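To keep things simple, chains are lettered A, B, C, D and E as they appear, and every chain counts its residues starting from 1.
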């Protein structure tokens, strides 16, 4: 019974379907849902037999490790993964040792050469664009900032890269660039015309609407004069906005993602600017790369100056400011993902 | 010798009327007085610690933050009173929310109809739990663990995992996020609905035969059965009603989050169970009062809100919340037990 | 009339010896036979469904995947047998893992010493749970909910939230990920350790007085106390031993993940409780056998692994797993109940 | 040969009760068999209960008395055999079915709900609602009324030590608890009242009052099954005595046909009730 | 005035037992008070148990008999009052403390663990290990041995219907269950055996055997407290009788000094035991 052969390799040689597993962080974040959908379409094009797996929730390293092992046992040729944390590094290495190609999406592992290559947004850059734009918008006014991060009980690279990137963009000294919340709570920002700033809060919104709302409420209760809100992603921004609305306040909201819903929020003025990511592109590039390598082709190269392949980021805003590249919500809507 | 007896009795009678004894008697008769007292202490401490805590605005927010979990916890209380446990709380809520929102999206269906379909669905989901518990005789933990996965998967498959923004939804689905202000104190309709649910279910539990059966079935199922309590019918009703209540929570959540989203309140199970248990209801069933659950939900939320107002850092807040939960329940036990 | 009696008795005696009756008797005497049978069925189905399932390699992986949760579930079984529940399972494991790894990082401390310190810490963490349960008389749910937060926060504060790769750790901490192969069937030391723990704790539960006390305390605490069982000491011991077992799981996990990471196995609580309950142990305490827990953990893992080998997608896998868990437990109940 | 024949053969018709034995039994069992794993609980037992009689059931520990009445009242479902009410086969799937049919039972392991108070237990599954719309529309319980009437019912059994009806049943003494269960059955039995060792935990005076109450119920037209190990009690109140032995029926006698010593001898197997004795 | 005086004054020394009453009581209670919320459980109760005697405790339901012995055996901790063993004050914080001191108790709500089998219950907290290293090193239980001896102990009480010692106690009949509890106390009591209504659920024959056993234990030098509502039993075996009424001690008599009727009268309050009667 042990040697019944591997059906996927007993096909017609080079043109046989190859097995690939896509492992995302979870299956509920619209971003990953879009990525899964895109990957499924690309799979057919590339004659790939795709299996979709994910952690149960953000932080579920073990779920990803299990999915990696499953892929090895299934005889897949490659893995596309948005690595949860460094906790899955060893398993990715194990997969590569077993002869699979492992490509990271969305989140570059540390060190980057743990995988064959990464296709990701430059999250630091994404935050940075938000920060620069916000500083320019304030036009010298004092900044009263709410930071709605991802987690308060786990440390994840996207979380600090975006948050700290945002503050760097504002021109605020971030102290440890890999640690949220250790910067001075008041001081001067140097972006735009420069001015004074107050950080009211670092609250975790769990990357979701309801969490975003609760987090923002806490911030507002501490200081009702908040005029600038950074949010880790768009679901969080939606919740933060609901809270502002309920309190009868307005503030500039910046975010990351650029899903179609997010772009629409930019258009309606709810979100001031959002850094658009391209999950479908990540999936497509990843899928093509694996299909190619597995059939004897070459590995793609990383972007210059980075240890991953930058799938790009564009700031979507209808209030363009000088010195910050951006696209309008109309343009953003043409290339957005999700609904 | 009769002397001894009389004096001991007299002494006892005297003790009965000491103020401490009287307080103790009240605490026994009204077990929720003690968590209420703890909540009060927390309020005083946070009031002293931070100026932003005890403001009309903050209090309104605190209530809004509590509403969804407090509503879910009503259903959870019913189930736990019958010595069950419901792990599908969050799954039913999310499923209902996604179905309501998808149906009504961009005017696809009138809000009222979508809402009703959502309610019926939640009812059916709860009834399925009840059916599996009563007819197939499976432990509630297993049943709801299974349906947790099933309902979650259906919600995701049905919605494609995408959230639906409030702007695409009819006003009725959003209305529980709206409200009115009394001074700076803003009440949403969601809070009002939550209070009504507590009132109605609280009444049913304490004033009707149905309520007694719920307690009886949970406390001693065999005795209840032998006494002629229609145990299976009661259990089925409990899970079904719980489903319905989760639908209300779904409605509240749409209004609150400004969107219907498949990954809302991921730890709804633990949060709702926590409110119930901190509220003094026994996980072994048959003992507890509903108002305790509301207080339990408020205590947890107050700790988190208060600590965050004090500017306590995130990790430290987790640490402090953990310690405070234990301390609060220990204090609760201690207050109830004090002997004169 | 005496005729009637005799014939009925005789008839009954005959029935006793029918093969079905005999099978039934075995099932009653060995309640784990039925989940074992289910596991067997699952194996047959997956064997037919997918070629990659029943291979030596896959079986090795399946066991490796089960080992950590199965180990945690031993501690959880002890606690649940006493009618408690342990929500701090994962937190203790993670705390221990981070402390062991941080201490031994880059040769900071010899592996053995770091390991021992980790064990002592886990023991203390478990003992604190036990202390709060027995001395302050708090419900285990509350205690471990509180310490869940506390231990998690400490682990994060201590480790700064960063994971530590195996390459920075001494061999001893990684050794449970290593192993040996019998043909293509690769066994890790982690699996071996897991099996040893089952053997030792299983022996203690079934063959020693201590084990009887664990059952007695969980089944009827008052009767146990009145019978002279040192209930508090037993409870304290159970939580402490459980802590120690979680430390072993932490050790296994380092080897398995090739890193110590503060956000490993976030649903360790639910997973370990699920294994226990599917294994037939009652959440009300006092009833169950340890081997059932191992089978419970294996059943869940087999379903997930098998479905994934079949290439079933995540959402559908969640759906299928939910249904299969309910079906498996229903079948289990049914098998045990069949009357000739 | 049926139980009916047996009884006529051995016990005969109790003095002064001729009338009722020409009627149809209100409750009968035929060839009840129930097994628990390898343990035989009932081994083909017959029983007849006539209208207006007190039928005592006696037997050694483990003879199957409780099992027998559990089968009669829907608490157990027999493996085989038949139960008839007024000659009609009935199938009680649960105790509630038997209650609906007018059979009220006090089980040996008193079926009281520990955390509920005395009044709630007494009225469990028999609750009374308030008068007016509060009761009919809002289905509100008449708590005050039930407490008052519960107090009276308990008083009637001579238990004077219970200080308030709001006390949880789990805090009651053994005898007090038993009194609650007996009071309930007495209050609600409409056709048949089954009592499994109702005086086991009761004091001398309280036992006496329960026996009095049993006679009153019988005189009021109810039929009663009384299980007891107290032979003087049985010989005092029973019209007929069903003797259970090792899961089977050993015979039916009357206090008139046999004295206590003979009864005990049959029960313990020292003496057999020969079909033609 | 102490109980000692009272007893001498009223009940006198039981015939043929003069010797033991000059010794120190093995177990005494002085002015025990315990309350439950507003309910007074014990209202200043004294008790003396002499070596080698059977002291019966009688009283109406709710009179405080069970509460009294729970205080004596560490199951309850009295609010005030003193407990002495051999004249030395003792503080039992839990039942185990009393067991360690040689007091074995059968509680009215039988303290048996439902899911455990008969043998396990009988030996609970008294387990015997295997001989040799299996027992001493691996602490393995001698299951076979305990089962065999448990079977003998149960047999001695005349319970013949129990078919195997591996049966879970929850599946036993009421009387069988009581027999298990009684057998345990009888087997392990080393100084004092306390029995709270040990024959309440037992049949005629079984009750007789338990009474026999009680006498044997006494004759073997143990002291016994027997709570019972069965007056003939009490008058048959008791050396002295402690009468409990409404939470207080109403007096101590002997079967010789008072007959059953008088005893019951004192118990129910119909008659008072005047200090100089």
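Just a few scattered comments:
By definition in this document, a contact is a pair of C-beta atoms (placed from the backbone, for glycine too) under 8 Å apart; a residue touches a chain by one contact, two chains touch by 3 or more.
If you want to know which protein each chain is, UniProt gives these names: B, C = Fructose transport system permease protein; D, E = Fructose transport system ATP-binding protein.
Since the model is a prediction, treat every value here as computed from it, not as a measurement.
Between subunit B and subunit E, the least number of touching-chain steps is 1.
Looking at subunit A and subunit D, the chains in contact with each of them are B, C. A comparison of the A-C and C-E interfaces places the larger number of contacting C-beta pairs at A-C. Computed centre separation for the pair subunit C/subunit D is 47 angstrom, with centres defined by C-alpha atoms.
Per-chain Cα centroids separate subunit D from subunit E by 30 Å.
For the pair subunit B and subunit C, the distance between mean C-alpha positions equals 30 Å. A straight line joining the Cα centres of subunit A and subunit B is 34 Å long.
Those residues of subunit B in touch with two or more other chains are numbered 156, 315, 318. Subunit D has residues 38 in contact with two or more other chains.
In subunit A, the residues that touch at least two other chains are 27, 57, 153.
By the definition of touch given earlier, these chain pairs are in contact: A-B, A-C, B-C, B-D, B-E, C-D, C-E, D-E. Partner subunit C is touched in their complex by these residues of subunit B: 83, 85, 87, 132, 136-139, 141-143, 145-150, 152-154, 156-157, 270, 273-274, 277-278, 282-284, 315-316, 318-319, 321-323, 325-326, 329-330, 333. Across the complex, subunit C meets subunit A through its residues 47, 51-52, 54-58, 61, 64-65, 68, 152-153, 156, 160-163, 165-166, 184, 256-259, 261-267, 304-305, 308-309, 311-315, 317-318.
Across the complex, subunit E meets subunit B through its residues 1, 6, 31, 33, 35, 37-38, 40, 43-44, 46, 248-249, 275. Contact residues of subunit E toward subunit D in the complex are 36, 38-39, 59-63, 65-67, 108-109, 159-163, 167, 171-176, 179, 197, 200-207, 229, 231, 246, 264, 267-268.
The part of subunit C that touches subunit D in the complex is made up of residues 1, 4-5, 7-9, 12, 16, 25, 28.
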